[in-house]
């Protein structure tokens, strides 16, 4: 029954191959290939919730020699996010790419991206993580340049080169770990790693590599052009999921493998970078003239929030308090994932209708595309962190942790970030609600509008009201370092 | 002591040459020079692999690292000629900062390596991997790791290759081909290509118990294709249309199907039945070789062949006519 | 059941007010006061009723004072109703005469019958605010007068409101009967004096009165000068803690203010050129007397028991006579005044001047008896004031005929009420003729002639000054001498101030009707500020 | 064991050389070269980890990892070159 | 019975939430269905609130809990204070809905409008029923969100500007409130609203810390309650359509702030404890300044709705003032003003909307003679205005009476009474000229031909009756203040429960 864990990876891969072989049917294959892993992920989640972490030793070899796939609370949450987001985006993309020349390639790459994401979230082996990271990076790059414009290619190339640099840095960290501890299996490493030069250097190298991938300030510069110039469905998953993958790895490393190695000073450095990212990203988003660019900068800022959790987590002793903060982090990441993907989809709809996404010329959107405007509003609520979105709860808990740990310094950052987020979201809404003919007269509710609004609803309502599941799942850990 | 430093000498020379070549390759302003130096660096590296008892790697490096990468880079130089990329100057301060950072990091990494390899070397997986060899179905430990212990990695790696190739296909059309080569070169080709194909087959076959395997074989096969293309065969020996797609898919598809297939009677994913594992690995490797070769050749061709989209053309034509 | 009847005097007019736009005959208004008359005549004294769920619980009771006020008030209300010109009753009439008349009547009834402070306050407010519509006239100046009236009234109400708060907290009950249980807080006392002082036009707080009386329609002035002004007095009677010892400063202060009122009213009144203005100052003088008497009673708890009924009588007398005078004046100023009118007015004037053998004289003698000889000077002064002012009034009647379309009814009604008014207290035993009571007559006459001379001199002075320009036209006499002009005089002080405050000025278009711009209001605010500082300094 | 350490250290130096060049160069091809050199450095470290002296069999796991890494690096390089080429074409159009 | 006590608060929320969501998805032209949904929701809510009133009066417990996150519970709890606010919002919602249906007839985007309208009420009711600080913050922010589109509804540059300013203020306030709430939450491990307050049980907490938190909370709430200097959004927000302004000023936003302040003082800190901390006098001073400032500013406004807006600034602080004075009488005054001000102010805004709608009158200076043209509306307006001044027996008098009593009782008369009196005078100074113009002046220009041409009365029924009804209500709750189940009675009940300890 443990083979269950391979299905979230195998199914999209299999369908990707099918889509490559039958490009004419790729729309159907693509949607089905996104839906089937969702079922698998739901099964996995149900299992994990019911009976604790799962492990699949691939090939029957003991982890260490072989590779193990593991699913615990954290990975299940990420899997759920990625499966749900990709599902919705796939439905959207089936309309978006319905007549595009490259839809065959798109669907193959799309399914490969899902494969990569799921493989990454399930992987229990450091080197395998490297491979999945590379796979993820390459699929993301190729998807990002599907738009075909010069800017998108340029951005994709830059993204690729930096991604390579990041993964190489990660890889050398892996090499040092293997040198020091003789294994790559993360469960074993979780027990073995102790504070020392090996751990420190390896951790800082791996973290550095991952920080590039997750676009933390000042390594963020590749993100806005890449995310803003990709086709809308791609931007959605890039912002929502791909950067989260690196973040997920950082969490795994810091909290579970290198727990006890991480020093407060290191965490504070990351936190400060996160804080700068929050302020800078929000400010840049406020200045942005294009909708998708704004969304991309907003991603930089939102990622900053996630990194600001690091010093808080590091300051907390293992136990309920830390799980609270960790849950908040995850919840924030999830909410952002859903909200940002919804936001990008909505931006894509607007772009398709209006032919542009200049914010100042979006007047009349609310009239001609009410559902999309509503989506943007809902997603905006989640991005600002207003109730009833999950990010509100997360920010609440974040503030609470802040007060518990006495790290007051972050308070103004959160405040400023929230206000700036409110400013840019409502600036956008102001333009969207203004009268005008910017978007054209259509009043129909398109099929492509539904997934976006559903994603936004998940971010604002589902994650707001059923967020306790996050805190129930997070403590289920497959690794020795973290959790109860 | 003396003898030790004497035995150290070739190593020292090798290391110094590596660093020197790398430095030269990277600091050269002339790209062509840099690429050539890089290829030399790759070949030198192959020697180092051999020196470190890694013959599989030496083969792979020669074929892939130096050979294929070099070919790709060299061919890319041709593209570079047209475009002018304005190279923004990096300020002196940031240059110093980067240097300092690199120095510190190198020292740190070196320190850790010294600690882990010299001061208190750890027990790693060697023992285990070698002792499990008999259950793996092959006798070449590297192949065992690649296709049995860590077969999942290899599967995903094939996916990486596929992705990269798809990317290449998506980005643009393939390069113009070469003129039909002259007779001398043609004669060479007639001689070389079969040799390479045979070599590839051999490498594939021998991979089970000696250095070699799918990657090396695939790269060799790809080399055959490259030679063909250089000789003026634009398709570089590749098939068109659906068959091309099938050949790209074959490696991963078979790998995956085998991996899933073994779960039917109760095994875990990729857990070959012990009796069958040798044959299964061979089957997988064969398919993978084909896929890798196809992929690498496509990558060399540098874009979408004309026939790639014909499979999907039906819809596109309809769209245009509407 | 009996108690419920007490609700009628306020309730009936209110209900009628709701449908006032349908009532086009003045008899409706006339009949609105009938319940009050009915209660005043027939209801049992001491009956009361409590309605707990209205407002904060309303208590009604009828005592002898209330009964008298109700009865005589009703008479005036009824008569005044008849004086409303028919064009004000027509459907398209400007202003809201009917509604405000009815509401003021209701308020009047309510406050008279109130047995608790809050009900009294509600009635007082209802009456005072509604009366705005009665003061309001067609001319610009009348409107300004109405505005000033409103401001003063509001201030008075708020003072009363604040006083009530203190009383409620210190006593824990709103009933009048519980009022004396606790010693009254000084601040409440001050506020009461202020609140009702505005209604009874204590000097300093009287600025609203001359203008309102001069400019308002006659029926409005009639009820204003009669029942409504006396409501202020009634308020004092109801609220003030007679019979308990008090800091003498309070009584003395009030006494002093009252005397000042008498003097002020007398001196300014005799130089007026309009009969209505003379009557207005006469009211100030008269109310000055009442205030002085109240102040005296406060200081002499032992005398208060005997004194208060007499004050009530005197008040009732004035309540009747003054409106009668006003309405008589109205009759006089119409076409073809009857030959009978002048003697009738004379009779009224004599009664007001407390001439022996009139109701006024009787009340006065009763008063001096109750006073036991104290305050003789004040009485003398008041007598002189009455005589002088009435003399001036009668003097001014000559040649004052304004052609107005005559409504047929009022004259008989007026005549009917005349004897009641003249001999009101009906205390025949007090009809004593004493020579010394003529003393004020003589002095008053002298003063009247002095006033004539003075007026001439003032007029000439005024002319002389006008040649030099108006800037020097300052001085208290001047201010009061000719009220409509006085505002322009004060305005000249105000103008530089206004210019100085130019940056702070509000948008004039939106504030054309803002009463804040009136000098009288500024005066009031000044007074309030003074009082405020005074009380604060007393506190500290 | 010293020569192994020597190679490992060489690997570290190569890696940092590559990183340095990747950071300082801002055209695509030199960057790709630099990254490949970096990768070679990492591989060198892996392989020297595998070497356990002439007498003992080597550790096959790092070898396999390096093989995988090599292929990945080549794939990525190919992709980057293709992208770069397309960009050049666009510039020339 | 058990289940009802759980479901009733939820039901009250859903009774406007579900219609709101349904309305969103109605096509614009389905006027009838939308009206039906609106009214059905309002009536169901009224019914449920009726049950709630009965239940709370008999000391039944209505509580819904929903576990959201560790330490965070979503709690709906009905106590007497909630009931006061809930019934006010429910009743006025019904009236406003009817009014809005009439007001927005034939205008675009009605589905959107009514959708947000319903959500706005949902948020308000949720605010009223919030059982702990966390839930309160949730609904507080939701309210911001639901009102923003309403203010921006017209889509004109001014409307957008007003909405933006509104948002700027409220988001800032929401943030401060949230920080304060989280802080308190962290210190105490969850802040439930308990009558009489909870904080005095945490003796170990640093007093200065609590003072700072109080400051944060009040600043956050003060934005919505339009305390000076946080009031700047309110006059700008009057660009909204009349029903929105009405709701905004009477029930939803400013009231939410005031209600929140009351909650914080009474049910979180506990009024005695707050007084002990010394924070109340500061709040009282701010309230006093706001009262005067708002009135003074109102004086100089010619725009009718702006004048009313500043009047709101002033009047809402009465509630705060009542809360800031220690003693049951002042509490009663503040609480009852919560209701009274709502009823009166909504009347005024309805009337202002009617003037604009029927005759295009937006400014005070244009109102000459409007009383005869629109007697029903003007009568309603007059009652509302007189009530604001505090003329008995309109409702406003009752509030002022109790506030004054409370001030005297608490010995704060020296500064409170002058404020009350000055404010009453100022109220008179800016309201009476309006009445004067409306009733006593004659129009300078003939009335324009307008949309009311075909009506039997001065206006269509849905526009005329709401102000008349609320005016009558304002009169009645003042006149029958001492009657059972009157707002005053409830306020007394609440004050009694708050001061029981």
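Letters A, B, C, D and E mark the chains as written, and numbering starts fresh at 1 in each.
In the analysis below, a residue touches a chain if its C-beta (ideal position, glycine included) is under 8 Å from a C-beta of that chain, and two chains touch if they have at least 3 such contacts.
Being a predicted model, the structure only gives us computed values, none of them experimental.
The minimum number of touch steps separating subunit B from subunit E is 2. Shared contact partners of subunit A and subunit B, listed by label: D.
Summarising the inter-chain layout, the chain whose CA centre lies farthest from the centre of subunit E is B.
The most centrally placed chain, judged by C-alpha centroids, is E. Taking each chain's centre as the mean of its C-alpha atoms, subunit D lies 68 Å from subunit E.
One finds 42 Å separating the Cα centroids of subunit A and subunit E.
Averaged C-alpha coordinates put the centre of subunit B at 12 Å from the centre of subunit D. Mean C-alpha positions place subunit A and subunit C at a centre distance of 83 Å.
Each of the following residues of subunit A touches two or more other chains: 65, 127, 131, 134, 138, 141-142, 145, 153, 172, 176, 178-179.
Pairwise chain contacts in this structure: A-B, A-D, A-E, B-D, C-E. Every residue of subunit B that touches subunit D in the complex is listed here, in rising order: 4, 7-8, 11-12, 15, 18-19, 22-23, 25-27, 31, 34-35, 38, 41-42, 45, 48-49, 52-54, 56-57, 60-61, 64-65, 68-69, 72-73, 76-77, 79-80, 82-85, 87-88, 90, 95, 98-99, 102-103, 105-106, 109-110, 113-114, 117-118, 121, 124-126, 129-130, 141-142, 144-146, 149-150, 153-154, 157, 160-161, 163-165, 167-168, 171-172, 175, 213, 215, 292, 295-296, 299-300, 302-303. Listed in rising order, the residues of subunit E touching subunit A in the complex are 24, 66-72, 74, 108-109, 112, 134, 137-139, 141-142, 144-145, 148-149, 152, 155-157, 160, 163-164, 167-168, 171-172, 174-175, 178-179, 182-183, 185-187. By the touch rule above, subunit D contacts subunit A in their complex via residues 8, 15, 18-19, 22, 28, 31-32, 35, 38-39, 41-42, 45-46, 49, 61-62, 65, 68-69, 72-73, 75-76, 79-80, 83-84, 86-87, 90.
Residue ranges of subunit A in contact with subunit E, taken from their complex: 320, 323-324, 327-328, 331, 366-367, 370, 374, 377, 381, 384, 386-388, 392-393, 395-397, 399-400, 402-404, 411, 415, 418-419, 422-423, 426-427, 429-430, 433-435, 464-465, 467-468, 470-471.
Put simply, subunit D touches subunit B in their complex at residues 1-10, 12-21, 23-30, 32-34, 36-37, 40, 43-45, 47-52, 54, 56-61, 63-68, 70-79, 81-89, 91-92.
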